[in-house]
Structures are given as structure tokens and as C-alpha cells.
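In the two complexes that follow, chain A is the common piece, with chain B as its partner first and chain C second.
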Partner chain A sequence: MSELPLIETSGLTRSFPVGGGLRGPKRMLHAVRGVSFRLSRGEILAVVGESGCGKSTLARMVLGLLAPTAGDVQLNGEPIERMKRLQRAAFVQPVFQDPYASLNPQKRIEQIIALPLRLQAKVKRSAIADRVRQMMSLVGLSETLASRMPSELSGGQRQRVAIARALMVSPKVVVCDEPTSALDVSVQAQILNLLQDLREKMSLAYLLISHNIAVVEHLADRVAVMYLGRIVEIGTVEEVLGHPRHPYTQALLASILEPDPAKRLPEIPLGATFPNPLDPPSGCAFHPRCPRATDLCSSDEPEARGLPSRFVACHHADS
Partner chain B sequence: MSALLEVEGLHVDIQTQAGRLEAVRGLDLSVAPGETLSIVGESGSGKSLTALAIMGLLPPGARRKATRLRFEAQDLGALSRRALEDIRGRRLSMIFQDPSSALNPAYSIGSQLTGVYRRHRGGTAAAARDRAVALLERVGITAAAERLGQFPHQLSGGLKQRVMIAMALMCSPALVLADEPTTALDVTIQAQVLRLLRDLQREMQLAIILVTHDLGVVAAVADRVAVMYAGEIVESGSVQEIFGNPQHPYTQGLFACLPKGRAGRHGERLGTIPGLVPSLISPPAGCAFADRCPLVLNECRRAPVPNFRLSPTHAARCLRVAIPSVGEAAYV
Partner chain C sequence: MTLVLPPTAPVRRWPRLPRQSGFIFGAGVLVFFVLCALLAPVISPYSPYDQSLDGRLMRPVFMGGEWSHILGTDTLGRDYLSRLIYGTRVSLLIGFGTVAVSCLIGTTLGLLAGYYRGRVDLVVGFIINVRLSLPIILVAISVVGIVGNTLPIIILVLSGLLWDRFAVVIRALTMQIREREFVLSARAAGAGDLRIVVCEILPNVAGGLVVVATLEIAHAILLEAALSFLGLGVQPPTASWGQMIAEAKDVVFFESWLINIPGLTLLVLVLGINVLGDALRNMVAPSGRPL
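Here is the complex of A and B:
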């Protein structure tokens, strides 16, 4: 019997109206367009892409913080819009990029961590306090920090607080939106190790939003590559990062600067002009930058070809 | 070859409510014409303040002291403000991390580009404009002439960063200080901007001091590397020496922290550097890394650790380098 996926989205789409001032009519910015994926129990699915590709908008829809314009999100088989806020929060929790902005500066650490459980009705004060201590020790925070304020903590400690807070209600899924981008490499390593340990201890699934391919390769099981609101390629880490088939995925991987002076600067056959999302190119959104583009690419948007778990949306994908 | 820039005994102190913070503590470096020196370090290591101190652009409350600060045979420390302004933007220029805050939002791209040129070179507006168009094209901006009338908010981050590079190069400087010039950019754009900077460097015989935390960027473009920790250079050498044979335990720790390949999925953990950077308000007497170092000796804490030379170009501020019998660092 196949289990229900923890998260399943189909045709998920979100547009934002932009402008509409003196300068002319309102226009639609299509941040996410027809995104479908599944996240299974205990799995780490990474969503990679450059700024403006819609990966954070996608994360917010999965968290129920933003309603889709079309398509739907199901958590454990239940449509997200039919779930109560607390029910949703008990299932999926966020860890955001900037631990300087995501913690209330006027609350003590123990209050910040306690909040998600305090909101879930009928939990005794003493039980909450016990759980806070338990979570702090789990994420490697000394108990002496409980009564401190966020401003007294380092960046790495703050991100541990954000993770402890997310785990208070024992969620099944944690959505990590660039969890280490604001941190130094030595601190990043500690947080990545922690995320890995917690996954094993609490059998968590992560939706990991990141632009850092090395982090994704280190941690994730599967990868979805987004470009201008669409998933252009999805598959296991071995498939997508080992044998990329979409020209954008290939360019993205070729652009990574490895810490190896023998490699020097890569040559990337890629146009530099990132498209204007308010005026997306016709056909395949990637075609103006793509070294393989043909007339077909500028007229027809490519369908996703392959399986839902391993597809490429490109007319000229490598086989 | 004689050095273009020579810095010796550079100190930067910042007055804070808690006391005097010694952000840069006795730093020596030199840059030869046409070479790229990369200063690497984590936040708070003093790398950006070092660049700002060389430029004479320290924020209020920060004080610079140096036994030697020579650029093109002039003593930067002794110059009048006016004489310094004649050098900055002309022979010595800077590229900042965040182009959105470094460009003036109230002036067009064109007037900011031509302004710096006419201030130093004089000449007609038309000549300055030609130079601006030529450089914008050189940095890969299409329709450059039309762009001159645009304002920073009309450009994407990648374009603004290119405009700032063009602005830094308007007067063909001898040395550019680039502080995290590609950190705000996407990876596909980053490689292109770095390539551009390198091509321009070759064309113009430009020396670059590249301040960054990204070891991938360093490996791609640097000739020499200086690793900073707690306000000091703890190791310096050619890019091959630093990446191929790092000797300071902090440098080794930095490399161990980098995620590489699929190791994580097979249950492996990344190396970490335990502990925290010491406070630089009354910093430790000995090695600032001692409390976090897996190979610490009693002697490390007693007195400042001298810089030990390992090759004509490679040096490390670590006692273990002088006492080889202690063995290899325990990082994996």
C-alpha cells in the first residue's frame, strides 16, 4: 500500500498584481506557475533556483501563509484550505533565512520557543516548560540561554532557536527557506549537521529552499530546479546534479565555483539578461538565455516530459 | 617588482560603549601591480574594515593607525584630505558589496559615471560620456547610451553591480578594492561578473584586493590569499599553497566545514569549528584561535604568536608550524 505523501501540490500557481498607479494599467506578476510535486515521509526535497524564480512564494503557499491563485496544496491528503490554522501549524513548520528578523526581539528565548505549543490549546504550563528545555538540549542550546533576549545570541544560536521553535509541536514537515544563507561557513556546517541529526531522530521531512547547490547536494534526497515560476527539472540528487538534462540546470551547475584553484573560472554559454517576470518571454521562459534555443522554443512552452518524480521541461533536453 | 601598495602594522580601533574594540590588530600586506590578493575571513574578522581603512573611508568612531601605508610611493596616512580625494576614484577605487546602497538613487547612471571622470580628468562632457558608454559596453551592458539616462532603481542587481564596476574603472585606476563584489548576485551572474573583472584586470594591468568569505570565489580568481581571523592575518600564501597545503588550524577548519559532494547522505557530518570568536575588546594576549583550536599548546596562550615563514610566499601565525613534532590537525 502506498502511503499518502506528506505534501502534494498540483498545478500550484500564484500571481501578484503589480503597478496600477499613474504609470499605466495593473499587470500580473506570475511568481509560481503550475507547480506539482510530492514530498514523502522522511524525505528531503530541495528547491533550487535564482532570486525571483518563485521558490520562496512556493514555500509560503505550502506553509499556508499565502493562498494560491490556482491549483492546490494537500497536506497528508487533506486540502490545506480546509485545515484549521493550528492543525496546519502542527503539521508543517517554517525555519526562515534570517534569524535576526524571524525572532521577536522583545521576547525571551524560552518564550519564543514555547509559542507554537502555547497556541495549541490545552497544554499545561509545566509541560510546555519541560518541552522547551527538551528542545533546547536537542538543538544544542545551553539552558542558561533560556532567559536571554535574541540580541544576546550569535547568528548560529539564533538559527538553533528558530529550529527548536519549529520542532515544539512535533511537525511532520519543516520548510527551511535558505536556512544557512545568512551564516558563516563554520556556523553553516553546524546547522547542516543539526538538521541532519534531527531528521534521523525525529523522522522529519524537509522542504529545503536554497540557492546553494553544495548545501543541497550534501543534504537532499531529491531536487526540483525552478526557473521563472516553473519547475524545469526534478529528480533524485544523483539524477539532477549528476546527470542534469535541462540546459538551465546544466548552466547552474557549471556556474558553481568550487574551492579548487585548479578549476579557475568556468566558461558559461549563457545570456546574462535575466528575463523580466512582468513580461516573461514567449514559449520557454529560458529561451533568450539558452544556448540550444530554436524557433520552437520561442513559440511553444515545453511540457514536462517523464514521470512526476523525474521530469524535464525542455524541447531539446539531453536524454 | 616593487609593491603598488604596502601596509605595515595596520590597526583599526572602534570606540564602543563597552570599550575600545580592536577590530584590526597589526596587519601587514602588500600588493604588486596587476595581481589579485584575496582577503578571506568570516564576519567580524576585520576584512572589510581593512579595505575601508586603506581607502580612508572608515565609519565615524573607527580610528586607523599604521606604521606604513604607502600607495604608488605616497604615504596615504600623511596626505591632506584634498590630496587623498585626488587619488581616490582615480588611482585607487572601490567596489562595494551592495550596489543598491552604493549608487546614489537621485542621480542617473550617466551623471554618476561621468561625474567621477570629470572630477579627476576634466575634459568635455562629451568625452566623459564617450568613456562611460565605452565602459558600460565593456562590462557587458547592452544599449549603453540609453542606459545613461536611467536611474539605479530601474536596473536589476546584476546590472547595478556592473555599473559600479564600470564606475570604479572610469579613470583606469591602478588598484581596485572589491568588497564581496558578487555576494549579492546569483551564481550564473557571479561567474560572468568575475570573468569580466579578470578580463579588465588583464587589459588594464589592474591590481585587485578582493575581500570575500566565499572560498569558491577565492579559488577562481586569486593569485595570493590572506586568511583573517579576529583582526589578524593568520595565514597567507599563494592560492595553491593555501588550498593545497593549509597550515593554520583555522584555515584547515574552514575547509573542513565546506559541504562537498554526497557525503552527507551517507551519514557523514561536516567538520565544525567549536566555540566562538573571542571578544576583541581586550583580546587575548596569545593566539586568538587558541580556545577553539584542537592542537592548542600552553605556549599558545602566553604571548602573541609570530608569523612563521614556510616558503618565500607562505606564512602562518601558528606555533605548531614551528614545532612540527606536535602532529597534524585533527580535522577530517
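Here is the complex of A and C:
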């Protein structure tokens, strides 16, 4: 029996109508266009890309917070829109980017952590309190913090609270939307190590949204590179980061700064501007910035080539 | 060489003081009048209804009157201080009652519009505009004139006319807060709309609610006085400040203190409540976090 993937998306698309006031017609912003991927049990799939490429929209659709315009998300083989709210919540939970915005400022820490389990109707109050204490120690929070307000905690502590809350219902998948980018560098490492530990202890799978290649390298098993709403390259960390085949991935990796200040800033062969998602380029969305672009690229959108688990969407990809 | 640190600036306390003194003044005034209203039968020297045709228009003590009637008596010989104290009841009842009901209406509409947006927002926006296009006094006069002027009716009519600020403020706050990640977390945890609105959003807009409520209490009290002055407020002989001003207007050129005393009392109460509202807004808003 082949195991069902925890998350499987096919042709996932989400557009937002923009404008359409008194002036001008409504236009569609295609935030995510035809994204397909699988996340298997215990795996960490990272999604990387520039700001505005649709990573967070993708995360929200996988969490069931945003309905896709087309395509579908299946959790353990079941379409997400047919799942009950609580069933979905027990399966996939989020950790958001900004720990200052992700905790209700008017509630105590224990109430915040308890919420997902309290909503699951069948659990007793005392059992919830036990579980809150257990989770707090698991993520390395002192029990004395339970009755504090979020404003009394540091950024790192808040993010631990957010993680504890996500784990209350023992989900199979945690969607981490830039879990460390709002934190100090020293705290980032702690949170990343915590995520790694928890993955083993609770056999979790992560969908890790990030724009930090170092974080991805440290944590992920597989990487999907997104550009303007599409996955342009996907594969294992070694494959994608070691032998990038898409010119965008290559440029992304070339743009990583070396920690050695003696080295000069990297030369990036791309123009600096990200295309306007309201008015995406014809053909391959990347062609205006691509060093290898030809006429074919501006007329035809490249198909994904290769296996579903290792593909590149480029006419001129390295083999 | 020693490193000389610049002296650290002394902690400046005075910028906070005016705000705090505003809070103390406003809260003090409000508590004083609430106590007057609650304890009216105990502290009033006379019944507010006992007439004495022999002792009409006695002047207050500070104008050479007698200590038996500290604030004098009115045109029917009723003790003015007692009527003033009983009038507090009407004013505060109308103020708090109106705000309780209008807060309920406005907050519900504001939460709905801000949370669901889209069509709901359009409908609520239309209702708000309809309400804003109605002149309050005119509508209140005609409705009270038709239906009658008992206390509950006046409270309901005023509530129906004073909820708009609640709706506007709560709608705007809700729109901000519904995009915050803790609301998304609650949704991802499987919380339903009702739970999100009541448990996640409402506590975070409560600060704004309190500020609007204080200002609207003052507004309602003034409107009641205006209605009473026009003879459409609470019915005589019930003591109400607007009523007292209305009854005194016949003798305003001879015994102007009869108007000044309830007028000044009204001024102090409304000023106190407004100052309290401002102080609360300053305490809630600049930190930003609770909103």
C-alpha cells in the first residue's frame, strides 16, 4: 500500500480582484497560479521565493483559511473544503511570522495555548490544563509564564507560545510561515532547533515558508522555489541548492551574502525589479529578468519538466 | 581618560499629569453624580414634589436665602436642591440607558460590517448614512410627540439615534484587527465566526468602545435636557434638569438663578464625562497595543 501524502495540491490557483472603484475596471491579481506539490509524512518541504511571490497565499490555502479560485488541496487524501473545521484544525496548524501579532494581546498565555484543544469539543478542562503545561515544557517555556499576558514576553518566548499552541492538537502538519524572520538572529537559531527537535518528538511534517536560504538548508528535506505564483523548481535540498537548474534558482543562490565582509557583494545578473503581478509578463514570467531568455520564453509558458518530485519549469534549464 | 557619560534625562512626569488629572476630575464628577442619584431619597432634605405656596421663589443661601432651603425654592415652592438631586436620576438613567442600548446596536452593526465586509458592509454603511441624514432633535421630537414621553420611550428613541459613532468606530477597529495573525490562528484552530468575533475581536475593541460610550453618555444627557426643555422629555412633575430650566424660563429676567443652577449642574456633569472620555482615549490610544 502506498502511503497517502499528508498534503497534496494540484493546480492550486488563487486570484484576488483588485481595484474596480469608480475608475478603471476590476483587475485580477494572480497570487498563486497552478501550484502542485506533495508533502509526505515526517517531511519538511520549504517554499522559497521573493516577497510577493505568493508563498503566504499558498500557506493560507493549505491551512483552509483561503479558498482557492481553482485547483484543490487534499489533506490525507480528503479534499480540504469537504473537511469539518475541527477535523482540519486537528490535522494542520499554523505558526505565523510575527509573534507580536499572532497572540491575542487581551488573553493570558495559557488561554492562548489552550484554544485549539478547547475547540475540540470532547476534551475535559483538567485535561486541557495538563496538556498546556506539557506543551509549555516541551517548547521550553517556564510554567510561571502561563498566567502572563503576551506583552510581558519576549519575541522568542512568544514564538514558542505560538508553536505550543499549534501542537496542542497533535497535528500531522505544521505550516510555518516565515517562523523566524521577525526574530533576533540569536533567537532564530533556538527556534529552528526547537522546530527540528519537535519534528522528531512528535513526528511532524512541516511546510516551511521562508525567504532565508540558510534556514531552508538547515531544516528542510525538499525545496520548492516560487516565482510570481508558480513553482519554477522543486527537488531535494541537495538537488536544488547543490545543482540548481532554473536560472532563477541560480540567481537566488548567487544572491546569498557571504559572512566574510572582505568579499564583495555578489553580482546578480537579474534586473532589480520584480514584475508587477497585476500585469505579469507574457510567456515565462521570469523572462524579462532572465539572462537566457529567447523569443520562445516571451511567447510560451514553459511546462514543468521532470518528475513531480524533481521538476524545472524552464525552456532552457540546465540538465 | 575617563568616559564621561552624558547625564540621563530626568524622568519627565508632567506630560502625563494633565491626562491623569483629567481622569481623576472626570471620574470624580461622575462618581459624585452617581452617588447623588443612588442616594437621592437619603440625602435630599425634602421631597422634590412637596409644594408650598407660601414659600415660593425663596432665594438660595449665597444670595441671602435661608439655610433651610440651601438652593432656594422654585415657582411652586418646591425645594430646589431636592429637585436637583432627583433630577440627577433622570439624567443618568437616560445617559446610561441610552448608551447601553445604542452601544449594543452600534457595536453589533460595526462588528458585522468590519468582520464580513463586502455586502454586509455596504448594507451597514447604508444604514449608517440613513441615520446620519436624520436630524436628531427633529426625529426625537416627532417620535416622542406621537408615541408619548415616558422614560423608556425616550431612552429607546435616543438609542435609535445615537448608535452611529459606535458603529463607525467599531467597524474601523474590527477591520484592522480581523487581519491580525491571532485571528487567523483562531480560524486555523477551527473557531467559528461568532467565537472569533466575540472572544478574539471584541476584547480588542473594548478600549475604543469605552471612549465612545463616555462621549455618548454626555450627548444623551444633553439631548434629554433639550427635549425636556421643549416639553417633550419626562413628564412633570418628575424632576429633570431640562424640566427645571423650562419651568424657570418664565421668570428668567427676575430670578435668573433658577436657570443658572440646573444649567451649571448640567455643564459640570457633561464636562466631567467628556474630560473622562478624553482621558480614557489618551490612556487607550497612544500605546496602540490594546486597540
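FYI, the second predicted complex is superposed on the first by the 317 of 319 C-alpha atoms of A that agree within 3 Å, B and C clash if a C-alpha of one lies under 4 Å from a C-alpha of the other, contacts with A are read in each partner's own complex, and residues count from 1 in each chain.
Note that in this section a residue touches a chain if its C-beta (ideal position, glycine included) is under 8 Å from a C-beta of that chain, and two chains touch if they have at least 3 such contacts.
Since this is a predicted model, take the numbers as computed values, not measurements.
Engineer: Please work out whether A:Arg165 is in contact with chain B alone, chain C alone, both, or neither, and reply first, second, both or neither.
Structural biologist: Second partner only, chain C.
Engineer: Just to be sure I read the superposition right, which of the two partners does A:Glu217 touch: chain B = first, chain C = second, or both, or neither?
Structural biologist: first
Engineer: For A:Leu65, using the defined touch cut-off, is the partner it touches chain B, chain C, both, or neither? Pick first, second, both or neither.
Structural biologist: So A:Leu65 only meets chain C here.
Engineer: In the overlaid three-chain picture, which partner chain does A:Asp98 touch, first (chain B) or second (chain C), both, or neither?
Structural biologist: The answer is second: A:Asp98 touches chain C but not chain B.
Engineer: Classify the contacts of A:Leu86 with the two partner chains as first (chain B alone), second (chain C alone), both, or neither.
Structural biologist: So A:Leu86 only meets chain C here.
Engineer: Classify the contacts of A:Leu119 with the two partner chains as first (chain B alone), second (chain C alone), both, or neither.
Structural biologist: It touches chain C, and chain B stays clear.
Engineer: Look at the residues of chain A and decide whether chain B or chain C touches more of them.
Structural biologist: Here the partner covering more residues of chain A is B.
Engineer: Pick one for A:Leu4: touches chain B only (first), chain C only (second), both, or neither.
Structural biologist: neither
Engineer: Both chain B and chain C contact which residues of chain A?
Structural biologist: After superposing on chain A, no chain A residue contacts both chain B and chain C.
Engineer: Can you check the complex and tell me which residues of chain A touch chain C?
Structural biologist: 60, 63-65, 85-86, 88-90, 92-94, 96-98, 101-107, 112, 115-116, 119-120, 151, 162, 165, 169
Engineer: Which of the residues in chain C come into contact with chain A in the complex?
Structural biologist: It is residues 180-182, 184-192, 195, 200, 203-204, 206, 289-290 of chain C that touch chain A.
Engineer: What part of chain A is in contact with chain B in the complex they form?
Structural biologist: Chain A reaches chain B through residues 50-51, 154-155, 184-186, 188-190, 192-193, 196, 211, 213-215, 217-221, 237-238, 251-252, 255-261, 263-268, 270, 272-274.
Engineer: Would you mind writing out the residues of chain B in touch with chain A in their complex?
Structural biologist: Touching chain A from chain B are residues 42-43, 140, 142, 156-158, 186-192, 194-195, 198, 213-222, 239-240, 243-244, 253-265, 269-273, 276.
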